[in-house]
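Okay, structure first, notes after.
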Amino acid sequence: MEGLHLEYYLVVSAIMFFAGVYGFITRRNLLAVLISIELILNSVDINFALFNRFLFPGQLEGFFFTLFAIGVSACEAAVAIAIIINIYRNIRNIQVKNLQQLKD
Amino acid sequence: MNFLSLFVLVPVLMMGGLFLAKTLKQIRVVAATGASLLLALAVGLVFAYLGERAAGNTAEMLFTAKSLWYAPLHIYYSVGVDGISVAMLLLSAIIVFTGVFASWSMGFLEKEFFLWFCLLSTGVFGFFISIDLFTMFMYYEIALIPMYLLIGVWGSGRKEYAAMKLTLMLMAGSALLLLGILGIYFLSGESSMNLLELARAYIPAETQYWLFPLVFVGFGVLGALFPFHTWSPDGHASAPTAVSMLHAGVLMKLGGYGCFRVAIFLMPEAANELAWIFIILTGISVVYGAYSAIVQTDLKYINAYSSVSHCGLVLFAILMLNQTAMNGAILQMLSHGLMTALFFALIGMIYGRTHTRDIRELGGLMKVMPFLGVCYVIAGLASLGLPGLSGFVAEMKIFVGSFMHADTFHRVFTLVACTSIVITAVYILRVVGKILYGTVADEHHLTLSDANWYERTSTIVLILAIAGIGLAPLWLSDMIDGSLLPIIQNVKL
Amino acid sequence: MEYTLLIVLLPLLSFLFLGLAGKGLKPRVAGYIGTIVLAIAAGLSYITAWHYFTTAKVDGVFEKWTPLNFRWLNFTEHLHIDLGILLDPIAVMMLVVITTVSLMVHLYSLGYMHGERGFQRYYAFLSLFSFSMLGLVVATNIFQMYIFWELVGVSSYLLIGFYYTKPEAVAASKKAFIVTRFADLGFLIGILLLSFYTGTFSFERLTSGDTSLFAGAEGLSFMGCSVMSWALALIFMGGAGKSAMFPLHVWLPDAMEGPTPVSALIHAATMVVAGVYLVARLFPVYYLEAPDVLVLIAIVGAVTSLYAAIVACVQTDIKRVLAFSTISQIGFMMVGLGVSGLEGHEGLGYMASMFHLFTHAMFKALLFLGAGAIIHAVHSNEMTRMGGLWKHLPITHLTFLVACLAIAGIPPFSGFFSKDEILAATFHFNPVLGAVMSFTAGLTAFYMFRLYYRIFWNKATHHDHAPHEAPGSMTVPLIFLAAVTLVAGFIPFGKFVTSDSADYIIHLDWVVATISVAIAVIAIGLATLFYRKESSIPDRLATTFRGLHAAASQRFYLDEVYLFITKKIIFNGISRPVAWFDHHVVDGTMNGFATLSQRLSGSIRGFQSGQLQQYVMVILLGALLITVLVVFI
Amino acid sequence: MNISIQETVFFALAAVIGLFSILTVTTKRLLRSATYLLFVLFATAGIYFQLDYAFLGAVQLTIYAGGIIILYVFSILLTNQQADEKLERLKNSKVLAGAVAAVAGAGITLFLLLAHPFGPSRLASGEVPVKAVGTALMGTSKYQYLLPFEVISILLLACIIGGIMIARKR
């Protein structure tokens, strides 16, 4: 356990986070975008747990934050997917670039 | 309550009256009454002014009054007139009067038309009576806005394009102008917007050098300064008759008057130094407008380009900075205002009957509508500078005055400008020959009627005014001369 | 002398009355009103002339009278346009000439224009013209002259275009106005230059011989000529335009589209000599300040005169022949002025020129009115439709013959005296010029008699109904003018009108007189040979000199040159490109600005795309930027 | 060099997370993307276990890996006619822009992370007892989370209702 510093974990989560960001920006399918968001959320969850465990081992704030975040992301995924399915039903397509009706 | 404020008040009251008016007849009565009242006021003002001067009142501005309306910037509603503004007010009143009669049978939305028309008049009259820089600017804007709607709604042809173009270009001009005005206000060191006080203040020469072009171009856009004139042909061609009349007749004069009242009066050093640039531009305007007019086929375009040429002459003369030429410039404003209004009125009447303005489709109208034909010839002769009509007086004053300039450069440009009298003759006679003489081009035109009473009223009033200036110019030119002195003295610093 | 004002004002009133109320009047009444007014004016002019010339001379010269002069428009304190009346010998002479010819024309038109549509308008225009022309000759200053000069131009325009439904008439009126307007530009610039250096418009001051007035222009020159020469040459250009001097003469032949009496009044007797009058008016200035311009005037006059005479020989339209003859005769007058001196005996040319102006006005008006009577009778302008008319139109024939003899320079008709003196002055000035002018005089005799024979003799043409003599209102003016032409030569003109207002005793130069009469007689003889009877000689000559004949009958292609300049150069070469430039470049730039700002706003609008991903991207980059800024700076 | 078992596990998890995160966002097929995400989630759970947050790991596995991914897979199958349909190719410039933004962001973040001194950071040992977690969830005093727990539950309820409302056929 000696060698495993906080930074090791943070690097992993950072990579995950920016992979999510990349996906968010470049993906054109709504579901793919949503998957990228899951990556981002996940990396943040890890960070909460990490900081709790490494820096404030006696407490549980980070732990609970992660717990709740997982719950919230579950909600988010459920609602988002519901919306996506609804859109798909209306326009038979879930490409971002085709979703212009709201704009104009 | 100052008697000058009536000029603004009457149009406002007219708007109130129009608002209440229900039937077409009531609308016409309100419009005609108001316009006649304005004309009477203007004539009264001329006599009152001459009376005051004869009684020995030598103040720069007469009938002054002021009241503060925005203290932080020292903006006053302050009014007053000198000979020049009196002349311009008279011109505006005549044209508003005749404009009302020229738009007697608009056909649709008369009430709204006259409402905007009155707002426009308010702006115009307010501009000429103001001696506060900002109030003047405000009235200027008031005069511009209705134009957009008047052209856009009641116009013909590519009216939306023309209205948009006109408004945008004039607005761009007034943006420059606003910059200039604020510059003058803040940099003169005189915390006042009053023209007379500002004229006494000293604006440093370096500041003048960049303020002068701003103000001059700002007003120049409205005065059809080359190359900012292109709104004018499209705008005039698309506007309804009365609006063309008011626009070419009065609104373009706002530009000339502003250049003169604000740019030259307040910034004499810069005017002396930078005049040459604008003399070149206006010199081009004069000749260029005339040449462009030769090949046009739409009556209104011909007249619009001729306006570019004639208004160019106004700015040209103003920049000569001597009394004779400036006097000529003011006379030219009057003269051009009257005759171009006459032209547009007549074109509107012809168009109303034949439904075309293309000179290739017209011909022999003299036989069909002799009254309009004769009036058109008179307008044409006035435009090409026939002695006895107003154009000649103004042009001769300008040419002689400009030629007296000590500088050879200016004299050479005067000669260039002189050539416009020949080109003017060419395009005027071309049109007259094509549309009035010869055989009737379209047999449907044979059954058309001549002018009716309201059309006759408006044309006759205009012709009388044109001939009046042309036959007895001395009183007018003397009235203007008296008021030019302060400006000339300022310029000759 | 205040009544002279009436001479000018009466026609104006008549014009206003007929112009405004004419429609309500019976045509005949309108005609009578115009004619009576003109008769009064003519009467007043005769009284004026009598009064003026019988008043004793002061120091041997006629005084200049200024019965009226008021300020009309100020330029500066010293420079102002006055309107007034200046009477001096030439002005008085012109008053007489104008009112006489005008009265004759008014009278004649009662018959000639009878039944024409727009009769009232016609008389209104005639009155307007008379007013302007009278105002022109009594002008006290050069600017007043310019004012009336323009008015004359407009009346001429209106009268040429009287038959406004005829396209040729409209085109001709336009051409006349524009060509003269172009010349007037020169006049105006000349005035500007002149007044700039002298500070005055007044004829009295300009012609006073006071050279200090011109001190300002001393030593200034432009392109090798002094400024004063330029000014005066430009003023002459104005005169050349009105007087149809080569190459500004192109409008005059076309102006014949107007009614014939108008041609007689305006384009033969009065308006076209305005240029001569202008030069005569400013003669002392020309002589003292710019003698080189006088030479120019003489040369232009000679060239014009010769050119017009040649062209006149081959025209077939009788009015055109007369028009070219007018141009030629005015050339004579110009030459007379050009070769003249100022003082005493030197002033022969001036005197002769004025004399010729006077006599020419009479006999040329007579010719035109005669031509009018002929056209009235045969309803055509073409010589080919005439011939053998002498027995149908006896009065016209006789009066026409008188006029022809006068213009050919056969004594004792008036033309002989005046033309002979011009020739004498020219020979005195330069023999070559004199020879040219003598030759021209010969040509004149030739083409006039060609005209005469082809109208009245030659082969008779068949007419549907026999031509008959004109009514009394038309023949009376003819007889009157013929009488004047017969006796005018014996007027001791040198007593009245001379360059220095002092007496000039005319004594004929017998050598010159003999030669010129001989030439005239030979020319007439030739014309008789060619045209008295039907003959093949003219045709043969025409074929022999085919090129020359064709060129002359096409007026040496000058009209084509003008057409080229106006159509190709001004219209297509300048105006169209300018309009194109305006539409595409200037307007295009403005529209370009509009498009540009539209594009710009379009691209700014792109940032607000509503695309979440793009927003995120930008937010991310922004956050990174801020981080970098906070951390590293 | 002595590599403990802990380290070995960590590096294995790190490798899985890094590799599959990137594959998730770069693969062309949507279904594969979801599968890679599943692997990443499993690895994350592994990290939680390593941190001795066994409960968290369990939750991660059940909710995320078990629930959400299933949801994704279903919706992918529902919305795509062919589940393995390739994703539309993007313009290179956009991909490049995204990549640059991501790499730059990652670079800066990593730089900051590594440059920042976190102080004495040792991985504390000892399992967090589920009983402690339970009490903390059920209490209302300081460091106890009943209120957030209830809020989350209401949120979940709202989501369920909302999801049904939105997705139901009209």
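Letters A, B, C and D mark the chains in the order given here, with residues in each chain numbered from 1 onward.
One rule holds for everything that comes next: contacts are C-beta pairs under 8 Å (C-beta built on N, C-alpha and C of every residue); 3 or more make two chains touch, one makes a residue touch a chain.
Keep in mind it's a predicted model, so treat the numbers as computed, not measured.
Peer 1: Taking each chain's centre as the mean of its CA atoms, which one is farthest from the centre of subunit B?
Peer 2: Farthest chain from subunit B, going by C-alpha centroids: D.
Peer 1: Subunit A to subunit C: how many Å between their CA centres?
Peer 2: It comes to 98 Å between the two C-alpha centres.
Peer 1: I'd like to verify one number: the distance from the centre of subunit A to the centre of subunit D, where each centre is the average of its C-alpha atoms, in whole angstrom.
Peer 2: 6
Peer 1: So what's the Cα centroid distance for subunit C and subunit D, whole Å?
Peer 2: 104
Peer 1: Measuring from the mean C-alpha position of subunit B to the mean C-alpha position of subunit D, what distance in angstrom results?
Peer 2: 75
Peer 1: Which subunit C residues reach two or more other chains?
Peer 2: Each of 617, 620 in subunit C touches at least two other chains.
Peer 1: Residues of subunit D touching 2+ other chains?
Peer 2: 97-98, 101, 105
Peer 1: Could you tell me which residues belong to subunit A and also touch two or more other chains?
Peer 2: In subunit A, the residues touching two or more other chains are 21, 25-27.
Peer 1: Could you draw the chains as nodes, link the ones that touch, and say if you get a line, ring, star, complete or other?
Peer 2: Topology of the interface graph: other, matching no listed pattern.
Peer 1: Subunit A touches which residues of subunit D in the complex?
Peer 2: Listed in rising order, the residues of subunit D that touch subunit A are 3-4, 6-7, 10, 13-14, 17-18, 21-22, 24-25, 30, 33-34, 37, 40-41, 44, 47-48, 51-53, 56, 59-60, 63-64, 67-68, 71-72, 75-76, 78-79, 87-88, 90, 94-95, 97-99, 101-103, 105-106, 109-110, 113-114, 118-119, 121-125, 128, 132-133, 136-137, 143, 145, 148-149, 152, 155-156, 158-160, 162-164, 166-167, 169.
Peer 1: Please give the residue numbers of subunit C that touch subunit D in the complex, ascending.
Peer 2: Within the complex, subunit C touches subunit D at residues 617, 620-621, 624, 627-628, 631.
Peer 1: State the interface residues of subunit A toward subunit C in the complex, per the touch definition above.
Peer 2: 21, 24-27, 33, 96-97, 100, 102-103
Peer 1: Which of the residues in subunit C end up touching subunit B in this complex?
Peer 2: 71-76, 79, 81, 143, 146-148, 150-151, 154, 157, 161, 164-165, 167, 170-171, 173-174, 177-178, 181-182, 184-185, 188-189, 192-193, 195-196, 570-571, 574-576, 578-579, 582, 586-587, 589-591, 594
Peer 1: If we count contacts the way the header does, which residues on subunit B are in touch with subunit C in the complex?
Peer 2: 165, 168-169, 226-231, 288, 291-292, 294-296, 323-324, 364, 366-367, 381, 384-388, 392-393, 396-397, 399-401, 403-404, 411, 414-415, 418-419, 421-422, 425-426, 429-430, 433, 436-439, 473-474, 477-478, 481
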